[in-house]
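Listed next: structures, encoded as structure tokens.
Shared between the two complexes below is chain A, which has chain B as its partner in the first and chain C in the second.
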Partner chain A sequence: MEGMVEIRWHGRGGQGVVTASELLAEAALLEGKFFQALPEFGAERSGAPIRAYTRLGPEPIQIHYAIAEPDVLVILDPTLLDTPGLTQGLKPEGLILVNTTASPDQVRSLLGATAGAVYTLDASAIAQRAIGRPIPNVPLLGALLTLLPLVALPSLRESIQRRLQGRLSPAVVEGNLRALEEGAQAVRREQSPHNGIPSFREPSPAAVAQAAPVWSALDPGGVILRPGSSIDYETGSWRSERPVINWDRCTHCMLCWVYCPDSCFSVQGQRLVDLDYTHCKGCGICANQCPPKCIEMVPELVFQEG
Partner chain B sequence: MTQTRVMKDTLATSPRVVALNGASLVAEAIRQTDPDVVAAYPITPQTILMEAFSQMVADGRVRTELVTVESEHAAMSVLIGACAAGARVQSATSGAGLAFMWELLWCASGMRLPIVMHLVSRSLSAPLNILGDHSDVMGARDTGWVQLFAEDGQEAYDNALQAVRIAEHPEVLLPVMSAQDGFSISHSVERAEVLPDELVRSFIGTYAPAHSLLDIERPATFGANDDRQFFALHKRQQYEAMERALGVVSAVGQEYGDLTGRSYGLLEAYRLKDAELAVVLMGSAAGAARAAVDKLRAARVPAGLLKLRLYRPFPAAAVAQALAGKRAVAALDRSAIFGAQGGALFLDVCSALATHGAAPRMLSYVYGLGGRDTVPSHVEQVFRDLEAVAREEPALPAQRFLGLD
Partner chain C sequence: MPLNLRELSAKEDLLAPGHRLCAGCTESIVVRQVLLAIQEPVVVACATGCLEIGTSPFPFTSWRVPWIHVAFENAAAVISGVETAQRSLVRQGKLPDRPVRFLAFGGDGATYDIGLQWLSGALERGHHFTYICLNNEAYMNTGIQRSSATPRGGWTTTSPVGKVIPGKREPRKDITAIMAAHNIPYVAQATPHGWKDLMTKVRKAVAVDGPSFINVLSPCTRGWRHELDEGIELSKLAVDTCIWPLFEVESGVWKLSHRPSRKKPILEWIKSQGRFSHLLRPENQHLVEELQVEVDHDWEKLLRRCDAGGPL
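Up next is the complex of A and B:
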């Protein structure tokens, strides 16, 4: 598997993470190269952090497992930058490409990353201009191919056309092609230049070790005996939009409290007092139900950019 | 769980000898085990079983809450919920009804719920057929349920009582399917002994689940999402529980024998010890096979029979031991599994022998599909075939069809 490149994509459901991994694979097909695009889903839905993997190489790829030690990390959502373990396993000579308005140096300090060369691109803004929606995958593909000629840009253009034509309007297909070009030109690099792609190696046992309790110690049938254990599952990371309450207009009717599927609203003395963003998934049901319309869904990016 | 042993002498005057069909005997067993909840949907040939039981409920002879649901899928769902709540629960079904429960069968075993289900086994359509064979049971053989087969109404009754003990045993905690052959057993009135209610009650004891959905002092979540780091571990536990069921089925069968004089093991060998040719089967055809063995023995043919009572978990070591040293063995399957190298029972017997180092000549037979009768002369023909392969005569086709070759 000499010459194989392994890319790990991090983003949220709905940002085109899986599509990006597949577009690259389809471009490799057009060039007669060998490839694999593999998504990693849980039970989560739109907005939840997800991963996808792409492998590209000059020989048939026979392995089928998650990429633990990638050559390339592409991060489609800047709100994920402080996720623990995001850069885990990245090869020291690897490459990190991030959709953000921040500079590569700011990203490095946010990531706390010691490995890899960091590149940034405001891919959401490019996509917003080009197709009217902030879906960052295509501009990032343009940037990636500028940094690493994994496939030729025209091959990727063709894979985009093949996938989108007939499904989306000609204007949107054209917009995506413009976004690809713009992404290829606008990528910003760190002070130190990138050193090229390391050669493939099998993941170290430590990198693929699955932390798990001994099977015989588990409660049979998966019964969970600790009440309220879902508090440990911080579903707030799934959120792409945040409900913000205009307290001046809140009538304390409690319909948000009734409808919230995650019990995020707290009530004291018959008044609504707080909203738990650690578990709010940003589903927007509260905003939809609120009779005086005092709950607004605000994009998370607004909060991250201060 | 409290289990009180009742001395044999209290039984001496107690059993009632009755003339009942297999379905009614099991209905009586359900009444005597007094489940908290029964949920069922009628389907031939199980219908008469649940009709008999619902009459008992209507007459106030049992306290069970009988839930008449809109489908078998719902029946098993009700039982899963009720069992997780801590109730003792049972159901009965047949053929397509069991097929419709299929996804819930996995939920029941995966959640380690000691549900007891009585099966009146029947074929699976198409062509449309409602008569007896083992297609339904065998279709559920990998779902994580313990599976018992009965040869007659008495065994179906005895198995029904033991199923409760096996399922609820803390080392097992798995659902148990107790099967009798549709029509030939379920609708056939025969002599049987029914235990006194008191004895049944003390034999099965009371059910004290470790966790209950309704225990608000100790809240528990059942059937939660099990992501990739845990799922395989829970399946690993299920394998262990199945393995432990082997010992529990034996122990419960022995204890039942101490009480009633009818002991049960994992299997039953008939004139097998000194046999050179053996037939392996399960269910109501065992009697015809015994008759064939007797006839051939009289003609100095070294024939023997191995009847399996427990199919899942498969008692591989006991089967291999029982068949050790035989020259030729035929496994008779009352179901068709298409595209496999022989019937399901055949494959299990082959793997048991192979992993225990025995290598007799093997033949696979399909028999009795869709209510087709099996008579002694059919089984005699199997032994004639076995004689031929044991003499290394030209090989017969690997898959044989009893009475249809």
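Up next is the complex of A and C:
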């Protein structure tokens, strides 16, 4: 449809991904525009990567499916930047807005040769200052409207007020409106924009393996014949903090092993030998329960930035 | 094999990682401990719930044991059928005669509410199986709705906190006593913090000749509103405050498994979770006092049952 804009939101459960997609749609409603807001998540839980979609258009929108070729990508969590296929389908003239402390050029080097122009905003910090919690959705909405005037800022203010009033304290509602303004002003652009490089990273073999099989490849009755096959599904990307073991102080008491929800501690000959970061979700129960306190939770961004 | 972590660590983990339960979920911790404790081959039936959804999103499974899910209410009925089929096939000489342990897992929604009559029926028929309730005190899988396991004063989306209603108004159901009232050979309460207590109880439960039931408190980060790393800590606090006493009922004889050296006030429990935060408001102080009276009453009742060796 002429004039339709498709936005794909990437974040984690709990960051307001779905709310962001809906707030923008509700602002469009207030202006008499046509819109859709669709969340997409499976059995994943808190902390798992999720997506949401917003479509805005001047005419009724007749399609009802996931957005495969977005005009805009909004990344609410910087730890998702190395997710395979993240920028897949982004239109060459598209736009990538990322919540990160990094500069747009640093993000560009992480993403590699990808379509679209990169913009960044330290939305978590803005939200932390404004509402006392690092929920990045509202500052990112402010930044997005600066880059693309999809709706007028006052309409978005009103949709935020309608959504939050009565549910949250007046101070938090006010804080969100301040965060919106601040996000609109603080967005950062790339020094040397890469306009229109129509290529993106191919999805990794792991990502391909994680896609559901076609019907003809299924066993009769849908029975799963490979025990423990979920080991192929990597939940390490859910993590925002990583447990790091100080091996010098480890007494091999095995409490971390018996209390790990994700079976991530490997043992050989009654001694802990390794930690499985491809599945660790970073809950921190091991660090909390370790008697000699030899496990430290380190923010994942420390490792991403090298 | 002795119940010693270093010895147990040599055993294969029968629940694979890569499941989609929340970071910090205690349900998979309980399941791992249960499967580590059992030394014989195991068959599992799962009720609908977080555990079932999280460990079996098609085309994956996290289970390294034969596993079946049918519906929300009927895990006990399904495992009854599996157990009966195995007995029949052994009698017909089609399967080797060796001990197999039959387990059913259900959340509190499946156990306290939706599957109660099916569970009651399976216990009464005397099938040789162990039912384990992963009790996180609400319907967490569908987004935190109250169940009959939700404690009085607890916030859920269907027992909301407002100007008039301070969370759930009704006390939780004492399902463990209801299970004991079926006069089955073994009933117990446990927590994932007390891994040795839990594993000892699991070994007793699967070894009895007949049905057994273990109710395991399973803290939930989303529904209880606590930090991701606190699940194990909270399951200990529940025991220390006598919110969740550890006990077992063996052939009708009630036995306390652990007596806290110092019984902590319920206020510590209330302060530890966001679902109770409204109870800290001055106007709700009387509720905290009432809840303390209830906990004290239940604890005294349990002590009398255990001293007397049977229900009063």
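Basically, the second predicted complex is superposed on the first by the 250 of 306 C-alpha atoms of A that agree within 3 Å, B and C clash if a C-alpha of one lies under 4 Å from a C-alpha of the other, contacts with A are read in each partner's own complex, and residues count from 1 in each chain.
The rule we apply is simple: a residue touches a chain if its C-beta (ideal position, glycine included) is under 8 Å from a C-beta of that chain, and two chains touch if they have at least 3 such contacts.
Please read all numbers here as calculations on a predicted model, not as lab measurements.
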| item | value |
| --- | --- |
| Which of chain B and chain C A:V273 touches, first, second, both or neither | neither |
| Partner touching more residues of chain A, whether chain B or chain C | C |
| Touching partner for A:W257 - first (chain B), second (chain C), both, neither | second |
| First, second, both or neither for A:K281, with chain B first and chain C second | second |
| Contacts of A:S229 with chain B and chain C, given as first, second, both or neither | both |
| Contacts of A:A152 with chain B and chain C, given as first, second, both or neither | neither |
| Partner chain in contact with A:I63 - chain B first, chain C second, else both or neither | neither |
| Partner chain in contact with A:L218 - chain B first, chain C second, else both or neither | both |
| Footprint overlap on chain A, comparing chain B with chain C | 42-43, 212-213, 218, 222, 224, 227, 229 |
| Chain C partner contacts - residues on chain A that touch it in the complex | 42-48, 212-213, 218, 222, 224, 226-235, 238-239, 252-255, 257-264, 267, 270, 276, 279, 281-285, 287-289, 297 |
| Sites on chain B touched by chain A in the complex | 110-113, 173, 211, 218-230, 232-234, 236-237, 240-241 |
| Partner chain A, residues of chain C touching it in the complex | 5-10, 13, 15-29, 32-33, 36, 50, 53-65, 192, 195, 221-222, 227-233 |
| Partner chain B, residues of chain A touching it in the complex | 42-43, 210-213, 215-216, 218, 220-225, 227, 229 |
